[in-house]
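Please see the structure below; I have some questions.
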Amino acid sequence: MNIKEKELSHVNKEGQAAMVDVGEKKVTRRMASARAIVVLPQEVMSLLKDGELWGKKGPVIQTAIIAGTMGAKRTGELIPMCHPLGLESCSFDTEWKGNELTIQCTTKIESKTGVEMEALTGASVAALTIYDMCKALSHDIVIKEIKLLEKRGGKSDFKREA
Amino acid sequence: MNIKEKELSHVNKEGQAAMVDVGEKKVTRRMASARAIVVLPQEVMSLLKDGELWGKKGPVIQTAIIAGTMGAKRTGELIPMCHPLGLESCSFDTEWKGNELTIQCTTKIESKTGVEMEALTGASVAALTIYDMCKALSHDIVIKEIKLLEKRGGKSDFKREA
Amino acid sequence: MNIKEKELSHVNKEGQAAMVDVGEKKVTRRMASARAIVVLPQEVMSLLKDGELWGKKGPVIQTAIIAGTMGAKRTGELIPMCHPLGLESCSFDTEWKGNELTIQCTTKIESKTGVEMEALTGASVAALTIYDMCKALSHDIVIKEIKLLEKRGGKSDFKREA
Amino acid sequence: MNIKEKELSHVNKEGQAAMVDVGEKKVTRRMASARAIVVLPQEVMSLLKDGELWGKKGPVIQTAIIAGTMGAKRTGELIPMCHPLGLESCSFDTEWKGNELTIQCTTKIESKTGVEMEALTGASVAALTIYDMCKALSHDIVIKEIKLLEKRGGKSDFKREA
Amino acid sequence: MNIKEKELSHVNKEGQAAMVDVGEKKVTRRMASARAIVVLPQEVMSLLKDGELWGKKGPVIQTAIIAGTMGAKRTGELIPMCHPLGLESCSFDTEWKGNELTIQCTTKIESKTGVEMEALTGASVAALTIYDMCKALSHDIVIKEIKLLEKRGGKSDFKREA
Amino acid sequence: MNIKEKELSHVNKEGQAAMVDVGEKKVTRRMASARAIVVLPQEVMSLLKDGELWGKKGPVIQTAIIAGTMGAKRTGELIPMCHPLGLESCSFDTEWKGNELTIQCTTKIESKTGVEMEALTGASVAALTIYDMCKALSHDIVIKEIKLLEKRGGKSDFKREA
């Protein structure tokens, strides 16, 4: 990667925030995948034996996935320089590892521009919703990480080492 | 803290997501403060000597603060069980520590319910906007942490140890 | 009831749509309850023995309740002459009677104006979401009825005979 | 119709709500038409001789059509698993039959996915707006029916018998 | 007026955009009134003899008033540093003077902060809607002026000389 | 131009507001450019020597540009009969001439319908934001003009004489 030749695409020559003009870009199939990790305190985890509440079909994770899906669709409203897009797919995978919940959001589109901000926003809104659903139990819930895992279909692909 | 006596306030007895009824709660002055940390890769940081671009008055941080403010105002639309609120104050503090940008969002209201989700959402949207503004330079930008620092004015105050 | 003395509050003297001025009204506790009924065709019902899919904790009803809650919060954006309100409570009750699903939405607020449109909108969006979740199985899903059941706290209370 | 081979497209294998991936579907011309019927009590109808108020050009129906059009455009925000779409056409037909107002909403697009939820949402929001515009006269206004009349352009066409 | 003692309330000491903290302000009755003027070219005006189309009850002005009302309610979403408010009243007056249409929007609330941006936004969205409704006839439609006429209920009242 | 052969495209034969059906129109590259002029009173201008506050990189204009960009993206939500569009470019040029600030907004898309309302809405929201950012200094800030400068790519091009 040669950063020197790159520039901040969302800042124009006058030093102002500016939407990138994607008019000349090619329509391609694009996907992106992002991950958020939510850490719950041990004392909360000891209550979580009730699989119905915390499992994949339980209300906490179901609400988070629905919120994340709806949040991903509204990325263009939330992030100032993002293009409004018609997402074609938005899916979630969740997994508990001890007291950490991993939320992976994958977005897809056939478009002139990519969907990594959509994946990141979807994962973030889902993680914030986990916090909201559990905050009556503890305020020491931490979103430990939000990052891009993969993107394909744009100028250059990206895939994070496992 | 005695978690056992608590319950998930956003899940009802039938195991469904449910908004808490705050009708009987008292109107009090409430505040909350939350923090997000964005980590930029070293190779990007070496380009950041241009204070105008990356400083507190530069377009990257200005855009993030504006997006975070607007995002905090829309928390009730994004998080399914959050009450819609008329935020009375939303302010941001940012600080660079090496290649880490700390974003602190503080929200206030006089209301029956608190504003911690607003502070968390404001910090999150600001952090996502930093990512968006810089993503042309690298995809290895990580939101390392989003957590509540303090809340006051509700049933019990909370303040994280420094 | 004496309708003759009433008038269309949302139409002004010039025959134009107009928001009612509620500035002089008293802040009182208000509630409203509305019901939507969704009818599924018998052929679909025969598939519905899987309680996990269709029960109160299943994804179809959970998604409908979440959508209804979020829709109720946005009533002031959807209905042109509705006042924007900060809902304090929005809850749902659902019940299967044969192939009919009854969705009852109850909304509450302490405010100058009532929440019957919020209850009706919440029930409607939940019913539309049931349709959306099931439309792959049949297009002959009908929302049979949406009506107000009760309202309290305004100039005059209303309660529908059972 | 063979329901047995179908499945709930908006629920994934883990029993969670999930947006359908339409990436592989073909772009075709699609249309849908839906109908809502609003029933006004007789005592209200006796006031309705003023054609300017209640006719097709009057403020009640004009407001409902505008609200319905704007609501149809926002279907993807309201219904959790709906894809965001750029509607190309949304039109309304209204007709009084005694004390029943029939509202038909027709939507069109050239897209990978259909617009039946848009037609149903448009008709529903228009019907709710009729309620709102008239609720000062009576709370006994009932939305008697919301259903799909026709859809074309997807995997299989649908047209309800008259 | 002594401007020197004032400062930009929406810019903080670090030179960043910032929402004003209105937490300590008193709740008072507030109103504001703003005006937009739309100028139509003479050639369009010659077509406007059809009072049903262009009059106060016609579809052009009705649509503009509805859009303006809905726009005023969403001011806090559009203007970054505006507080989200629950408008209690929003009304419109329109008047043709030759080929100029004057649109006056008056907003009211009982709140800690004023509603002048709501009045200005309501008038602006109504004016833009007039443009949109008429743009098939001419692109030479000009919004000639948008300004505040009056505000009351805040620190200092304002009323423009006639 | 022959106005007589034209008609109001957003009003149907029944005299109701109606979205134009663009289904049969061709996808072409389209652009539009619109201008808003904000006039500040002389007494305010005398304070404006601080280039950091009022210059192109300062918080007032940066906030206006961000708000204008986000407003342009939401045109289809604000203007009732506008089609929802996926803007591909939205850029701003600003210039001070004495006490007048000229804001030019240029929008682009490859679509069946044009983006002049998006350019006008972007310029308007930016101008309203300038007002909001400066209103603590004076209420005598006037938006003097909002008009279309140019549009290309539709049935007929338009360019205003300089």
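We just call them A, B, C, D, E and F in the order they show up, numbering each chain from 1.
Operating definition for what follows: a residue touches a chain if its C-beta (ideal position, glycine included) is under 8 Å from a C-beta of that chain, and two chains touch if they have at least 3 such contacts.
For each chain, UniProt lists the protein as follows: A, B, C, D, E, F = cyclic pyranopterin monophosphate synthase.
Remember, predicted model here, so these are calculated numbers, not experimental data.
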State which chains count as neighbours of subunit B and simultaneously of subunit D. A, C, E, F
When contacts are scored as defined above, which chain pair ends up with more C-beta pairs, B-E or C-D? C-D
Scan C-D, B-F or B-C for the interface that duplicates A-F, counting it as a duplicate when over half of the contact pairs agree by residue number. B-C
Can you check how far apart subunit D and subunit E are, centre to centre, with Cα atoms defining each centre and the answer in Å? 31
Using CA atom averages as chain centres, what separation in Å is found between subunit A and subunit B? 16
Identify all positions of subunit B at which a residue touches two or more other chains, and write them in rising order. 15-17, 52, 57-59, 62-63, 66-67, 70, 74, 80-81, 85-86
Based on the touch definition given at the start, go ahead and assign the chain network to line, ring, star, complete or other. other
Each pair of chains that touches is included here, namely A-B, A-C, A-D, A-F, B-C, B-E, B-F, C-D, C-E, D-E, D-F, E-F
Can you tell me which positions in subunit B touch subunit E when the two form their complex? 29, 56-57, 61-62, 65-66, 69-70, 73-74, 85-92, 108-110
Footprint of subunit B on subunit A - complex, ascending: 1, 3-4, 6-11, 15-17, 43-44, 46-47, 52-53, 58-60, 62-63, 66-67, 70-71, 74, 78-82, 116-117, 120-121, 124-125, 127-129, 131-148, 151, 158, 160
Could you list, by residue number, the parts of subunit C that touch subunit E in their complex? 12, 14-23, 76-77, 80-81, 83-86, 112
Using the touch definition from the top, list the residues of subunit A that touch subunit C in their complex. 52, 57-59, 62-63, 66-67, 70
